[in-house]
């Protein structure tokens, strides 16, 4: 990873944005926030036509469809210097691409090349672009949920906290068990809804106990799950993707909040 | 034991509504992870030891045939006997045979998950031999007619009141008529009753955490000392274990000992780590006369060289289940067989057949916390995913789910159609959300909306908005 | 039964895509067994001098709830033991290991009735020697034999272990190496590594001392 960093300094480099299918459908604000943050860091952002990274198929054991979707995404994105997305989960999937292909095959070489230049948004901003601070204001007390794939597959932990510390007006209150899964798990929440419900209930209890008025995280899947639960419970805690706050575009209603 | 893994969803629902179990699981979540973290923090070399543990186990598996043969030769050199069992049935027959030759009426048992795996207690009882579990947790659940719900804390699901009830009911026969309610008093009562059982038993059966090829020793790791009394006092000691437990030398065992207790209970080392070789020596004043080791395969040898080989590294510490949010929500019994949690969800399909355990590999969010604490770095999510691939190939994935998945894949491979449909979908869902921007009931996703609202989309897809922005920028550029 | 042995070994070899181990691989594995070498040993104890290791041993054993006493000379042991027995309000009787260093002490002089034998039901106090102490975790290493029956380590309520300070070593590996040097390949029936008294948390995860083995573990550090 460090070598590609040296080969291609971030400023002026072409970044292909993987908006992710959930952001594309549910919350374009997150993708525009990502674009702003990347452009502020001196990147040129492109948005190749995209559908899904193939993770649902991969995690369901459907290797053939996962492979086909991987090939589609590789072909669409590999021309850029970097692939960046506001999701640890989807970028984590891109990092898995090489294991879908036969060792030494041409596709595996391309998959490995793509995996090597794929980054979760905040890790890219901090670790590759060297961003130290953002120019944003947020009046609120936030707590941060560490989404599993970003945390454990990509090592996203310090980067969001570093950037949030530079947002004026923002106070970060850590919750207990910030690293415990919220129970979303892609198709898990559909296959085992009762277990998933218990997990998200526990997560919401931690969030409420933190005393924060806003929950932030880096993956829209987790955010939809947590917001859906908080709102069903009647909570007034606002739920946002961390990029919205960092980009200063938190004027849209929060996730699951009415007009 | 009876396999109920096919009923996993029902088991799980039952567990989620069991208030006593939920309290017990709260104790587990509040206890083990913090203790492990503290122990790990005290040993700067811990991460390096995990690497070493992984590499050492890989070396052993790659030379497993050799180390097993050397272990056998070493046991024989120390005057013990090794018995090879290809499956549970053969292991039961071997142990029953040894017990019958010893004229055994009662056998005491140290804690052994392999013994659970082969259903030993039921088999001995059916042949008129009384098995007595002596680990306090195992003893409690034996009285209650249950099986372990955790591999190192077998009675983690039982609360104090239930222990009181079980002892009150079963200890009357020993003249214990008072119902004890304090943990200390309950333990003392069990200590007294089991002490007599230790002294009377004809055969003692323990498991083995490690088998040392160099010396022919089996090793047990305990905190209570019950395993030691089990193997020390009766005339015959049988150690039942599985083939992947062999390690080359004492030094190699030391590496795993440093990993095991810290990962399990957060102790620096368990209270008793005991190395046993052969029967009592001619001049010894105590110890068993006979020493038998039963090496169980039960499908493990077929994992060597295959995609699930990494699972053979497991040292049964329980860190994966202690840190698993799914295990923490439902406990061990819901998994429906001997080994619960992430390690069980990989191992059970191997041992009972994936067609009987199809739910288990799916009962994970792939949060990866298990892998992050595994002392021998088993990539548990990857191994679970491998099982899902086998299920998909063999059409064990539920039909409706499979259809939905394939339809989604079909659509996502047609970007133009996909983008068109998602534009419509975004508008439709936005409309459904109304002014609250939330959807309270979703067709096809009832499992979601039973407990959660679905936040509505903002109304336009990002790609549509981006294309607009690009067109606008393009026109601006021309002007 | 031998059929299963061949079947299991055959499956393993099939999985590894080879026959029985041979050549360099065989020589490497045989060497590993013939000349065992330590893997990674934590610096915690290994980096200390002997005085530091002794202090660490005491600290770690105490953390594991062992009670550590220090005496200058073996002759002081019986009086110390008498004090321990009195403090526990037990009869002044004990069963001790037949090892000369223990059985040969002047127990009577301290008002104690000592029998050198294996333990029986009803014995309350035992005194045994230790082969070594391991500073890293405050662990005792005890070897079985006619000189030190294993039952003494488990049946009595109160186990008192006499350990020479010179035999406190840094690590398990050092203790194993010392054992190999002194035993000339004779493996005892039992080697016990003991760290603190017996305990269980099986009732509601609440830790209680004295589950099946000794309720108290005393370590008498000799010449420290």
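We just call them A, B and C in the order they show up, numbering each chain from 1.
Everything below uses one rule, namely that a contact is a pair of C-beta atoms (placed from the backbone, for glycine too) under 8 Å apart; a residue touches a chain by one contact, two chains touch by 3 or more.
A quick note: this is a predicted structure, and the numbers were derived from the prediction, not measured.
Asker: Treating chain B as absent and keeping all other coordinates fixed, how do the remaining chains group by touch?
Answerer: Without chain B, and with every other chain where it sits, the touching chains cluster as A | C.
Asker: Could you find the two chains linked by the most C-beta contact pairs?
Answerer: By number of C-beta pairs in contact, the leading chain pair is B-C.
Asker: Report back the single chain whose CA centre is most distant from the CA centre of chain C.
Answerer: Here the answer is chain A, farthest from chain C.
Asker: Could you give the separation in Å between the centres of chain B and chain C, each centre being the mean of its C-alpha atoms?
Answerer: Whole-Å distance between the two chain centres: 30.
Asker: Where the centres are mean C-alpha positions, what is the separation of chain A from chain B, in Å?
Answerer: Once rounded, the distance between the two centres reads 32 Å.
Asker: Return the distance between the CA-based centres of chain A and chain C, expressed in whole Å.
Answerer: Chain centroid spacing, chain A to chain C, equals 53 Å.
Asker: Across the complex, what residues on chain B touch chain C?
Answerer: For chain B paired with chain C, touching residues are 24, 27-28, 31, 43-45, 48-49, 52, 56, 62-70, 78, 83-86, 90, 94, 134-137, 140, 153-156, 159-160, 163, 183-184, 186-188, 191, 194-195, 198-199, 213-217, 223-226, 228-229, 232-233, 243, 248-252, 254-255, 257-258, 265, 268-281, 283-287, 295, 297, 301-306, 309.
Asker: Provide the residue numbers of chain B that touch chain A in the complex, in ascending order.
Answerer: 9, 12-13, 16, 325-326, 329-330, 362-369, 371-372, 385, 387-393, 397, 401, 405-406, 408-409, 411-413, 415, 418-419, 422, 425-426, 435-438, 445-448, 450-455, 457-458, 460-463, 465-466
Asker: Touching residues of chain A toward chain B in the complex: what are they?
Answerer: For chain A paired with chain B, touching residues are 19, 21, 23-29, 31-32, 47, 49-52, 54, 56-63, 65, 68-69, 72, 148-149, 152-153, 179-181, 183-202, 224-225, 227-229, 231-232, 252-253, 255-259.
Asker: Would you tell me which residues of chain C are touching chain B in their complex?
Answerer: Those in contact with chain B are residues 1-5, 7-9, 11-17, 20-21, 25-26, 29, 32-33, 36-40, 42-44, 60, 63-64, 98, 117-119, 121, 136-139, 144-146, 149-151, 153-155, 171-173, 176, 187-206, 208, 210-214.
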